[in-house]
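Common to both upcoming complexes is chain A, partnered first by chain B, then by chain C.
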Partner chain A sequence: MIRAELTKLRSVRAWVAGIALVFVAVVGLGALAAAGIRVDCPDGPCPKPPTGPGGEAVTDHFSYVHQRLDGDGELTAHVASFRGIITYPPPNHDTIVDGLVPWAKAGIMVKDGTSEGANYAAVLLTGSHGVRMQYAFTEDRAGPAGASWLRLTRRGDTVTGYASADGATWQPIGKAKLDGLRKSVQIGLFVASPSDVTAKASARGGSIVQARWTQATAVFDQVDRQGEWTFTNVGDDGLRTDWEKGNEPPGVTRDGGRFTVTGSGDIAPAGNEAGPSLTFTLTGMIGALIAVIVVGVLFITGEYRRGLIRTTFAAMPARGRVLTAKAIVIGGVTFVAGLVSAAIALPLGRFLVESNDGYLLPAGAGTQIRVVVGAGLLLSLTAILAYGMGATLRRGVLAVTAAIVLVVLPYLLATASVLPTGAAVWLLRLTPAAGFAFQQVLPAYHQVQLPYRPSGGYFPLPPWAGLAVVAAWAAAFVGLAVLRARRTDA
Partner chain B sequence: MEAIIEVSELRKRFGASVALDGMTFTAGPGLVTAFVGPNGAGKSTTMRVILGLDRPDAGTALVGGRRYVTLDRPLTHLGALIDPGALQPGRSGRNHLLWLAHSQGLGARRVDEVLDLTGLRPVARRQANGYSLGMRQRLGIAAALLGDPPMLMLDEPFNGLDPEGFVWMRGLLRSLADEGRAVLVSSHLMSELQDIAGHVVVVGAGRVVQAARTTDLTARFGSLEAAYLELTRGLGVLS
Partner chain C sequence: MRAALRAEWTKLRTVPDAAIALPLIALLTAAVSIPAATASSPDVVKSSLLGVQLGQAAVAVWAVHTLAGEYGTGLLRATFTALPRRLDVLLAKAALLLTGVLAAGVPAIVASVLFAHAHADGYPSLGSAAVLRAATGSVLYLCLMTLLALGVAACVRSGVAATGIVLGVLYLTPAVLGMFHDPDWQRWIYRLSPSTAGASIQSTVDLASLPIGPWAGLGVAAAWAFGLFGAGALILRACDV
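Up next is the complex of A and B:
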């Protein structure tokens, strides 16, 4: 049965050409888009963002007052005060106001050197998320409420974080195993204050993203390590805001045992704002989807239109099984086509971008495999869905239009910043466009305050859940088609 | 499996109109059974019911004693020509037969055999939308013969054939019956049928009017055409 349907599919030249279009669209358009990517900075092409120990792109910019720690040791400090400023435009006013953003950070840190992206572990006080232990850029754990005393101990490559409300009773927060931590590391006090990024609905649809530069200042006392302290503005780009020039530059002032540290920036995984990601190499997916929708629909409506379906059912009277075999064939062929073309488009796109002095944000092998397999699955499930709609509606033009409206249109509406974010999120949860979630390369992190919106490349569902939504739609339509074929005369 | 098509008390309505009204007849082995009647008499509906394409409201249609839809590799039991125009335009005749062959577990060799048998070999790789009526007819016959079935059911096999094709079709039908197959042929061409059919089933308004040996009818009415006209008077939907 499957062999018969495969023979049908490959014996119509236009359908084979439609499948070949998947390659042309995914590889060709992907290469074209990749060749056009170049992010220019004032002094030429932008440098690559630093990468953390896990290989992911990171932001690593903060004020660090540190000294060398050889081998095992510990540091205790008390955060006596923590304040900051937020520049405009904050909601509803256009002045610089006092305040801390939710993930402003003041604390103590063990770091494997002061270069950007070097591994670290820290316990810290935040603007509004209490005491945390964070390490290796992606890890975050909540500490006890009401604590302002912080302690880090280093034993080999393990760093343990503690917090205390009174400096007498200590509560462990977590243990960070920092693989390959050198014997000689830096230990000290730090302050960071990420930009205040918010999105608000635009009157013309979509949303407007606003970022406000911020600065935080913390006073540390009861610092239990003696000796020389060095100040480093880690990840300093050399640029200074007017506030820093006229009011408070980043740095440290010391008054006996009190350290007043001022700084900006963040220590966190980077988001899509850090540069183009692998997703850009899949620009051709829309074209490929339309091609598989047309082939998927015609694969069945052609039979209904010409009465060929009677020949099919006379040769293979088990209608449910025939219609399922057809779904398997169209799904299998488009999966292979999508998988192979994505497997070519990804490395080719990266090569083209890099040979043009650009970069794509790094992605782990697991993520790349997921994106390639996801591309194949989205094309395959969409082809099955279109086929199912064709088999249910039995009208080619109608089914092609309906499938495009169901799969492609919601994706374009949701990601092109046309709809309010709330509506976009629901479209990407409920419609088959949810399947596009496979192409989100960078995960969203709760400890980073970014507006994770569809138009920014962030999807409400995880990749496999998104593809499961498409699969459910496809199964529903194929099921309907089987029911209709069983109940009616051919 | 015995080569016999048995239709018994078939009833079917399409909305208000009665298509089959107790259709009952048998087409046995070793002879051509002519299935004749005016347009709308229920011939095509009967054939679709036999193939399991339409579901009857009542009655049974058996192929070698079994319902068609329960047959494994059905084209190896009953070959049918019902709508030779039902082809995918971009697919070649050979590939049309090839997918049918694959659906029955048959290979390309059998496809080439029936292409030779129907004289289609020279145009086999051409796209079906370039086929003449006669070529489509021959392709439909090739499809019916593909499974080398003991039973055949052909709806208007002479349609679109040229004079040479008529001669060929007559010979083919005769030889198929001589090989012991049951061959059910519906047609309006009484003069053609008179020579080749051993048995005639005359239908009108969804039921059998007369089922008899051809020789009996020609003896009684002079010719098959005369018998047909007499027996179906007033039964056509257009009369």
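Up next is the complex of A and C:
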């Protein structure tokens, strides 16, 4: 049965052309978009962002007052005060105000050297999320409320964080195992203050993200380690704001046992503001989707129109099984086409970007495989959905329109129209456009304050859940088609 | 021409397509516009006309089906035997389709604008140049998409393929626009694509930042529509059916 359907699919020239169009769209449009990616900075191409221990792009910029720690040891400090400024926040954007952004950080840190992206573990006080333990850029754990005493102990490659409200009773927050931590590491006090980021809707669709520079200052006392302290502005780009020139430069002042540390920046995984991601190599997906929708619909309505379906049903009277076999064939063929073309488009796009002195944000092997397989699955499930609609409606034009309106239009409205974020998020949960979630390369992190919106490439559902939504739609329509084929004449 | 018009009118009257398409155009346009109008948006006028994005799909399908449906069933051979002046047939179809799109689109757009004016904060007055331009422009845009769809159907002669192409033209460019990282490319794609350039007629805020002005944008859409309609007419005249 499957062989019969494969033969049909193979022998109609227009259908083969449609499948070929998948390759042309995914590889061609992807290469075109990749060739257009430029990452320009004032002096030449931008440097790549640093990468953390997990290989992901990170932001690593902060003020660090540190000394060497050989082997095991610990550091305790008390944060006596924590304050900061935010430059020109809304609504009027006209003054510099006192205040801390929610994820401003002041605390103590063990770090594997002072280079950007070096592994670390820290306990810290935040602007409005209490005491946390963070390590390896992506990990974040909440500590006890009301604590201002912080302690880190290092045993081998394990760092344990503690916090206390009074400096007498200590509560452990978490244990970080930092693989490959060298014997000789840096330990000390740090302050970071990420930009104050907000997004507003743009009149042209999508959103405009605004970032305002901030600075934080923390006073540490009761520091229990003696000896020389060194100051390093980790990840310093050499640029200074007027505020830093005129009022408070980043650095440390020491008054006996009190350290006043001032700094800006963040220690966190980078979002899509750090550069283009792998998703840009899949620009052709929408074109390919339209092609598989047309082929999927024609695969069944063509049979109905020419009356071939009567021959098919005469030869194979189990109608439900015939329709299912057709769904398997169209799904299988489009899956392979999508998989292969995405597997070509990804490395080709990366090559084109890099030959332009640009870069794509790094993505792990697992993520790349997920994106390639996801591209195949989205094309395949969409083809089955379109085929199911064609078999249910039996009107080609109607089925193509319905499928495109269900799959492509919600994606368009959610990512590139003036639709507000709330509505966009629901469109991407309920409609088959949820499947596009497979192409989100950068995860969203709760400990980073960024506007994670569909227009910025962040989807409300995880990749596999999004594809499951498409699968449910496709299964529903194939089910309807089987019901209709059993009940009514062909 | 009168014979062609009468023949097409009879078809239109007796086949249920129009009876389904016309309410659908009006309904889809209003059904998206009205909820979108109540949401906060930087361009309330444009939001209140968002339904045109969906309504144009119904318009395109109806236009494609009116011609390609006849190819599919072979009716077109009978039509051309009775009315050998093929261009007249195409023009008659276009005239009736445009009348239908006006009949369905105008009430839907007027209703959307009236609703938004009553319920959306900061909606400009109904007589203001911006609202009038956006509303009439949206109607004209729907008409242009009718001609474009009819032209594509005449070019490719398969209803399903024509629908795929027309909806691809309408939805592909706005969707991939954001994927092009280079702002120069983005601007050029926006200017050249009939859907993005044409939809700029609905913008009322921050016009200076648009890659193309509202009327110039509608002009681009018109060039596409008339170009494809012309190409379709040539193919229809030159080729066997």
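Note that the second predicted complex is superposed on the first by the 476 of 490 C-alpha atoms of A that agree within 3 Å, B and C clash if a C-alpha of one lies under 4 Å from a C-alpha of the other, contacts with A are read in each partner's own complex, and residues count from 1 in each chain.
The rule is short, and it goes like this: a residue touches a chain if its C-beta (ideal position, glycine included) is under 8 Å from a C-beta of that chain, and two chains touch if they have at least 3 such contacts.
Keep in mind the model is a prediction, meaning the values are calculated, not measured.
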Fit-or-clash call for chain B and chain C when the two complexes are aligned on chain A: fit
Touch count on chain A, higher of chain B and chain C: C
First, second, both or neither for A:14, with chain B first and chain C second: both
C-alpha centroid angle, chain C to chain B via chain A, nearest 10°: 50
Contacts of A:277 with chain B and chain C, given as first, second, both or neither: neither
Touching partner for A:214 - first (chain B), second (chain C), both, neither: neither
Which of chain B and chain C A:440 touches, first, second, both or neither: neither
Touched partner set for A:311, first chain B, second chain C, both or neither: first
A:423 touches, of chain B and chain C: first, second, both or neither? second
Partner chain in contact with A:260 - chain B first, chain C second, else both or neither: neither
Shortest CA-CA distance in Å separating chain B from chain C in the superposed model: 11
Common interface positions of chain A, toward chain B and toward chain C: 14
Chain A-facing residues of chain B, complex: 48, 51-55, 68-71, 74-75, 80, 82-83, 85-92, 95-96, 98-100, 102-104, 143
Residues of chain A defined as touching chain C within the complex: 14, 29, 33, 36-38, 200-206, 276, 279-280, 283-284, 286-287, 290-291, 293-294, 297-298, 301, 305, 396-401, 404-405, 408-409, 411-413, 415-420, 422-423, 455
Of chain A, residues touching chain B in the complex: 1, 3-8, 11-15, 302-303, 306-308, 310-311, 313-318, 489-490
Interfacial residue positions of chain C with respect to chain A in the complex: 35-36, 39-43, 46-47, 50, 53-54, 57-58, 60-61, 64-65, 68-69, 72, 158-164, 167-168, 171-172, 174-182, 185, 203, 205-206, 209-210
